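Below is one structure, written out as structure tokens; comments come after it.
Order of writing sets the labels: A, B and C. Residues in every chain begin at 1.
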Amino acid sequence: MSELLQLLVSGLSKGCVFGLIALGFVLIYKATEMLNFAQGELMMMGAFVAFTFVNLAAMPFLAGFAVTLVVALAFGMALERGVLRPMIGEPPFAVLMLTIGLGFVLRTVAVNIWGTDPRTLDVPYAGEVLVVREVVFGYDNLIVIGATAFLCGGLWLFFRRSRLGVAMQAASQNQLAAYYSGVPVKRVASLVWGISAAISAAAGMLLAPISLIDQNMGFIGIKAFAAAIVGGFGSLPGAIVGGLLIGVSEEFALRYLWPGFGEVTAFVILLVMLFVRPQGIFASLQKKKV
Amino acid sequence: MRFVLTTRYAQDVALFRHNGQRFWYGLLAIALLVAPWLMTNFYVGEAAMVFIWAIAGVGVMLLVGYTGLVSLGHAAFLAIGAYTHAALLRYGVPLPLALLLATGAAAAAGALVGYAALRMTGVYLAVATLAFERIVAYLVEHGGALTGGVRGVAMTQPQWFGISVIHSHFFYYLCLGVLALCIFGAVNLLRSPTGRAFVAVRDSEVCAESMGVHLARTKTVAFALSAALTGLAGALMAHKIGHLVPEAFGVNVSIQLLLLVVVGGLGSLHGVVFGAIFVGFLPQILALARDQLAAFGVDRVPGLEVGAYGAILVLFLIFEPLGVYGRWLKIRAWFDEFPLYRKATYKKQKSYLRTERVH
Amino acid sequence: MLFEARDLSIRFGGVHAVRDVSFAIEEGEVFSIIGPNGAGKTTVFNLISRFYDPDGGTLAFRGEDITSTPAHHVAELGIARTFQNTELFERETVLANLLIGRHVHRRTNLLKDLLFLPAARRQEVAFREKVEEVIDLLHLQSHRRALVGSLPYGARKMVEIARALCTEPRLLLLDEPSSGLNPEETEDLAFWIEDIVADLGVTIVMVEHDMNLVATVSNRVLAMADGSVLATGEPAAIQSHPEVLRAYLGGTDEPPPAVAEAAP
């Protein structure tokens, strides 16, 4: 029983990370109809930047966390402005390829700045555990879950309550109409990229204490894309739910199924889902209108 | 500028439109046949590798460039072709039959994926093919004696009339012959209803459907064909690799295949050849670049290869989305129309987002 | 009777986009569907093209029930269509666009195409001959080898009609053929439509806003509003029909200027 609970918690925390990356992915798609396959690499960059501030510059953890978010926001916006904006109007496939290329470049950049050795982020809660009735929970896992819940709540408020958030929603539903009603569509697109990069960076910082930071950690982005689709592509809650589902399944598969199978659980779930319910858990996209 | 007077409808579907083309392609054929006797064995081997890339490239181009379906998992078909071929040769199946069966196995896998992908477009397809590739990679790593697991399996190199398959000249002509057949088949498809259906699906699915194109069948056929050619390339590549290991068919290979079609020029078979030359010789170019960097005191650039692939991809997509072949067409147009050439002819016109969604 | 829709209904979420729509089309007539924006006209077309499955009602073409025929089979039966905002293959030549219209008459299989056997070659030439007939009919000779993306909008509209004709349809659905055309082009369009009906014996159903065009070419008109049929009848009768006037004007009894001018 306690083992099941522990697996559940560690699965949920992993799922939260998938969910956050998926959230960034979906956010960009909804606002700009671009598929960002470099989302995992944005997460990796976030983790490395945090490592620079917290470990190398010896900043307090929370301050480092906050500065990293700001850096990621700026980086995301700069990416949109410099690399993605020239691609507006190009076929979706071209954008997708571009972001794949971007991911490769980011990995090489990271290796050349921070080296090939895996790094550990110094967090104040490293190795700490919470014991509830003889069941041991790592704080690193619990904090991931808590922080994800907090971030999602914040985002929800942002999209519901703030002017900017509502403008973003409008732009995501109909760019032209939003533009005509005075929404600065281009600036909104930049900002969405910024926010999405910041969310991914947060995911990276939350994941860092659990796994290690290296240039290949962005590969879990692929699982996050699977999560986004399982959840129902285009749905923000779906991204999180899909992430949780895949995180928990993977954790249990790693423990109980054939060796190595855990690594492909996400993909098996995805393919099964595409056969059974291709629109995902929360359906939200439809066919093109003629 | 050349004007071709068309007097018969059959002229428009002929392989060569005019004698100029016949001359240049004939010259190219002769050059390719003579080439191995003028090059060192190393370059003969490299050229064979370019042909193999081009075979796979034709497959990827049919799917991505002509049918508009993205696959991020084509390395899986390469692996299926290679491992099937290796296993068959080990059981003593003759080379041509083994090649055929390996192609068939990849085609079957492709049809399966294509069929699964029927209801998917864009992101779904991209992620699903990636997922498929990961699952195949898992099966290869845990395939026991059949695949040799992570330690890999040695390739049987059969003899033909006393010449080993991997004898550089024999292998060169084998790959060249297979490539020529593949290109011939692709050209034929593209000038007949099947190819037109591919293009229709790429440009507008609703319209294709209203013109009587069976979407499901067309996509499945495109996937199967594409996988077949990629599998065939994989089987040939297996001889070249010699010892098959899972890393030889990783995600990077899928990306290299996409790089090939993008750099060459989407939607053109000429582009496949340009792209294959590019991808085939890129490692050499990078090795040279590495030497140059070392001369400047930068002795180690980890991940240079991967980064270069990525950077080239990004730069091409932003500055020359039509690839090398597109650039070639523009240069030719410039000379053809010399004083009258207008830059605007090839200018991008769309600057707004054309949505594909309904809310 | 060539085509019949009976009690056609479809709902999108809470919106009843088409409600109990029935109409019958006779061979050789031009039948127009009019109505304010959002009346459900294009939805009716999409139902006939089988892009949507109706929630209720039946479709019959030449006495055969086609309510559950797959969308790609509709063209083969002899129903072709154009789209409101044109759905052409922009990066292809006009010729290539028209050839796809011959797809329903394809007799070769994958293998024959792959080897380009004599049968495939003969078929290509035959396709081309048929395409040239349509090019002659609609005077598209000068655009034959032009890329569709480089053509003016009016020419593109004609290419789309030509492509539909290449399927040799019995029934041609035109979705707002005059939208985006200038008055002169619209006048030409009226002649083309009459030619198509007279020379090829094709029956036409069109969704149209231009009341002049509707009045000139249509034999009968069906007026829709909010997904339901308001009235069906001769163009003149429909234009003065009180319910139709009300739908266009939203309650007043004043006739709209465009409609008043168009009245013969």
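Throughout what follows, a contact is a pair of C-beta atoms (placed from the backbone, for glycine too) under 8 Å apart; a residue touches a chain by one contact, two chains touch by 3 or more.
None of these values were measured; they are calculated from a predicted model.
> Report the chain closest to the protein's overall CA mean, measuring from each chain's own CA mean.
It is chain B that sits nearest the middle.
> Tell me, please, which chain's centre (mean of its C-alpha atoms) is farthest from the centre of chain C?
Farthest by centroid: A.
> Based only on mean CA positions, could you tell me how far chain B sits from chain C in angstrom?
One centre to the other, that is 40 Å.
> Using mean CA coordinates as chain centres, what's the gap between chain A and chain C in Å?
The computed centroid separation for chain A versus chain C comes out at 46 Å.
> Mind checking the centre-to-centre distance between chain A and chain B? Centres are C-alpha means, answer in whole Å.
The answer is 32 Å.
> Do you know which chain B residues sit against two or more other chains?
Residue numbers touching two or more other chains: 206.
> Multi-chain contacts only, two chains or more: what residues does chain A have there?
Residue numbers touching two or more other chains: 287, 290.
> Can you list the residues of chain C that touch 2 or more other chains?
In chain C, the residues touching two or more other chains are 51, 83, 87.
> Which part of chain A faces chain B closely enough to touch in the complex?
Result: residues 29, 32-33, 35, 37, 83, 86-98, 100-109, 111-112, 115-116, 173-176, 215, 222, 225-226, 229, 233-234, 258-261, 263-264, 266-268, 270-271, 274-275, 278, 285-290 of chain A touch chain B.
> Hey, which residues of chain B end up touching chain A in the complex?
Answer in residue numbers: 64, 68, 70, 72, 116, 119-120, 122-124, 126-128, 130-132, 134-135, 138, 141-142, 205-206, 255, 258, 262, 301-304, 306-314, 317-318, 321, 348, 350-359.
> Taking the complex as given, what residues does chain B use to touch chain C?
9-10, 12-13, 185, 188-189, 191-197, 199-200, 203-204, 206-215, 221, 267, 349
> Residues of chain C touching chain B in their complex?
Residues 49, 51, 70-76, 80-81, 83, 87-92, 95-96, 99-104, 106, 108, 110, 112-116, 120-121, 123-125, 128-129, 132, 149, 163, 167 of chain C touch chain B in their complex.
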